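Every chain is named by a letter (A, B, C, D, E and F) in the order it is written, and numbering of its residues begins at 1.
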Amino acid sequence: MRESKIKRGFFVGRFQPYHLGHHEVIRHVIHEVDELIIGIGSAQDSHTLENPFTAGERVLMIVRALEELGIDKRVYVIPLEDIYRNSLWVSHVCSMVPPFHVVYTNNPLVYRLFKEANFDVKHTRMYNRNEYQGTEIRKKMLEGDEWEKYVPKAVAEVIKEIDGITRIREIAGKDV
Amino acid sequence: MRESKIKRGFFVGRFQPYHLGHHEVIRHVIHEVDELIIGIGSAQDSHTLENPFTAGERVLMIVRALEELGIDKRVYVIPLEDIYRNSLWVSHVCSMVPPFHVVYTNNPLVYRLFKEANFDVKHTRMYNRNEYQGTEIRKKMLEGDEWEKYVPKAVAEVIKEIDGITRIREIAGKDV
Amino acid sequence: MRESKIKRGFFVGRFQPYHLGHHEVIRHVIHEVDELIIGIGSAQDSHTLENPFTAGERVLMIVRALEELGIDKRVYVIPLEDIYRNSLWVSHVCSMVPPFHVVYTNNPLVYRLFKEANFDVKHTRMYNRNEYQGTEIRKKMLEGDEWEKYVPKAVAEVIKEIDGITRIREIAGKDV
Amino acid sequence: MRESKIKRGFFVGRFQPYHLGHHEVIRHVIHEVDELIIGIGSAQDSHTLENPFTAGERVLMIVRALEELGIDKRVYVIPLEDIYRNSLWVSHVCSMVPPFHVVYTNNPLVYRLFKEANFDVKHTRMYNRNEYQGTEIRKKMLEGDEWEKYVPKAVAEVIKEIDGITRIREIAGKDV
Amino acid sequence: MRESKIKRGFFVGRFQPYHLGHHEVIRHVIHEVDELIIGIGSAQDSHTLENPFTAGERVLMIVRALEELGIDKRVYVIPLEDIYRNSLWVSHVCSMVPPFHVVYTNNPLVYRLFKEANFDVKHTRMYNRNEYQGTEIRKKMLEGDEWEKYVPKAVAEVIKEIDGITRIREIAGKDV
Amino acid sequence: MRESKIKRGFFVGRFQPYHLGHHEVIRHVIHEVDELIIGIGSAQDSHTLENPFTAGERVLMIVRALEELGIDKRVYVIPLEDIYRNSLWVSHVCSMVPPFHVVYTNNPLVYRLFKEANFDVKHTRMYNRNEYQGTEIRKKMLEGDEWEKYVPKAVAEVIKEIDGITRIREIAGKDV
């Protein structure tokens, strides 16, 4: 198939961590495209309560979790450093990933920026938005509540292997 | 297999373009590791004679070329923006890609930086170094000489699909 | 008139958007100088609720609005990207605009920085400060309230031509 | 006239200094557009042999020289800091200046970048290219040769007022 | 004594201003090391209520205050600009200061980052934490309350000599 | 002595490495000032043939070498990261170091920039310029020639302790 014929989709998030909400979006949009690009936003951030995991750790979470989905299409997982200028962000994304034609997002700014650049932008369905939410999951990690059930099994494993909960608690100044 | 047991290798280049020299290195080192990370250096550069292709275009070249190798191990293809400080570069790489244990390189600076950081660094074999060389291949592209035979078939296709030769010639101020 | 004899004034704002408060300041200070420089601060910011308009859009607003004032002196309208270091900001401004001798501002930080650099700094009069205020006007734009009467006619036209209200509402995640 | 009906042109240079070659280009292209934007490239550079003058000094040169042309159309003179990434440069320019539809340039990279972004790009005529050339003029300034005849009268005045020749010679380590 | 035998400690703060809490920490840890490095964090910040003093002013405060302690060991006082990426910060520090083996800190993030990099990290004792605290002291400076007793005598002198209180009050928009 | 009465001098270099030429300059200028600031330029650079040593390593060289001079005045050794804009460099230096009144330099750009900022700038004497020169000394280090006699004894020790010669040779791709 020629490059120009390939229908490629773009989905971006910070994935702090990658959770079941993301998982469900991908499970569905994968059927609408030939190939999917997953952009890891704010790739340069880590070791904060808002962004505890490095881009590399997030790559690991996503790649392993995707195997649970049994996808037989090419998926590109690409860290994207922030460019700190909204007017340049679409061009920045386009330079870092293979060409794409459709964008999946529920983020109003992402939506607007790609629309101004004449992309085909689609809202994604929300899956259990109250529970499948980074902020809430990180809070549970910090407070010692159960968090594993909100992320794919592979993600929970990665977080344990890198001792991610200790990192979050130490950064918060909590006794571990 | 637990994360800490996985032997992951790291191989970095600018891949302007990805050529048969890179291809041969990967064909060999893939047998020494469980998983391989391919870092695309100077990811932010494009549209110059030295760095004609965007990171996204290079991702495309590499991912498609790898399929020719029939590899059955996980390979991560990760764009790496320059950090412009040698003393920070190893930490930068480590933050952007999954954890790795061995580095394959023939670049003296890369070799030294990883060695100072106590990594296991190995020289790669050279495959037909005179011909399989980015500088030479870009020169052929510019001059209108035959260049396709120095790159994997998939890479030649990508370059044609993005009309890469025209870009190089126009940037050089040549009539197209 | 020799350069060194020209009395040039400097007035800086973010102009998100340029409103009647700015307009009144300029109407008055223009009489105290031979030429006026209008610096557009945080030029790199756009597409946020705090900074919805690009520097180019703000240039357009200001240049057209100034024509309403019928000024017969040279006015320079210069976008100024942030330098993110207060101790360098005065030098940054001075490198980007023609030489000037007097600064008009009510911003305490701008006042202090120029004073430490031995400039002649003057407070501007406040014109209807409650209504002529960027924050309030952007809020009206967002909420669908009347905002046109707080900006020069030319500015309202520019905002309509670039469909600025839709941008603000979409970024805020509001139905349009 | 509505914004969308205005035919605006964009012409970019480093203008180190603004010389008669630039002057002739503007004298001609001004007839093809309703308004003209003059972008001052590498605005952040100064005090080198390649880029001796600050952006503010170049603004001054250009604005005063333009008056010699007796133009009765709006001309925007806008400093443009480098963004150091070719793939972002067109977006960067577009965010900093009013919307434009046609680009005038003889620079191959500028030509290519705007063409990839689907702009209407036109080559400018060359006026006495051997003599009207920044490199040559700066060399004459440095060597103490006659340089005034290659720039508009207003530009020569500005350079004398800011004592620009002394700066160039001192930076080069020459006795003054 | 050979370099590798020297036990060097690292202590970092923003020192806005250097106060008696810092003073007490240094008075104690100096006995545990051969040499001490004092890193001045966020060196690039100044002229804000949170960071009123420049790095150079803070160098002055610290160097003069240290003389009150009568230390007979080498102390290095080094400004450290922010690197804005937690994953690079330890490498950044290590490149800017002489090699060190032990870190003294009560900051949870600093603690965690150095621990992940396998440094020997020690908590410092807290001295009168309620009073000896930058935030509180800056508040007193702003409000016109007595602040001198919370800082070493030498620091109070430096702040008066640079007229630091006026700066803080002007930045806050207070009448002076 | 009050701050404003202290005559402080500023001397800047890259000190790659600190050599006997620098040493002689300091030996002489120290008599003309009450306190001396030594700025380490391009502090962020290391691990190149032009800039092999980190700022921290250079701090070590300088501080130890100064002890050979038996100076009884305060000397501040301050790393200065590049700001990449000549028009901001003087302000940058001034924000990072204590206030100073006189600058010692033979670098034409440094000379010019401080002169434009109305500093008292003095040329330093040249001591055996042919031999005491960073470029020449680094070349000897690379080629395996004798280099120790061109640097203070303390500097030679530091370079050996950090195994600096091996670094230079490895970066150059030489067998070690």
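Just so we're on the same page, a residue touches a chain if its C-beta (ideal position, glycine included) is under 8 Å from a C-beta of that chain, and two chains touch if they have at least 3 such contacts.
These figures come from a predicted structure and were not determined experimentally.
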Minimum number of chain-to-chain touching steps separating chain D from chain F
1
Which chain maximises the distance between its CA centroid and that of chain A?
F
For the two copies chain A and chain D, what rotation in degrees overlays their C-alpha atoms? Round to the nearest 5.
180
Name the chain whose C-alpha centroid is farthest from the C-alpha centroid of chain B.
C
Where does the D-F interface recur among C-D, E-F or B-D, taking recurrence as more than half of the contact pairs being identical by residue number?
B-D
How many angstrom lie between the CA centroids of chain A and chain B, rounded to a whole number?
25
Chain-centre distance (mean CA atoms) for chain D and chain E, in whole Å, is 47
Between chain B and chain E, what is the separation of their C-alpha centroids in Å?
43
Geometric centre distance via CA averages, chain F-chain B, whole Å
38
Quick one: which residues in chain D touch 2 or more of the other chains?
44, 46, 54, 85, 87, 94-95
If each protein chain is taken as a node and each touching pair as an edge, is the resulting graph a line, ring, star, complete or other?
other
Chains grouped in pairs wherever the two touch, ordered by label:
A-B, A-C, A-D, A-E, B-D, B-E, B-F, C-D, C-E, C-F, D-F, E-F
Mind listing the chain B positions that touch chain E in their complex?
83, 85, 87-88, 90-92, 94-95
Over in the complex, which chain B residues touch chain F? Could you list them?
84-87, 108-109, 111-113, 115-116
For the chain F and chain E complex, residues of the former touching the latter:
2-4, 43-44, 46, 54-57, 59-60, 63, 74, 76-79, 81, 94-99, 157-158, 161-162
Taking the complex as given, what residues does chain C use to touch chain A?
44-48, 54, 167, 170-173
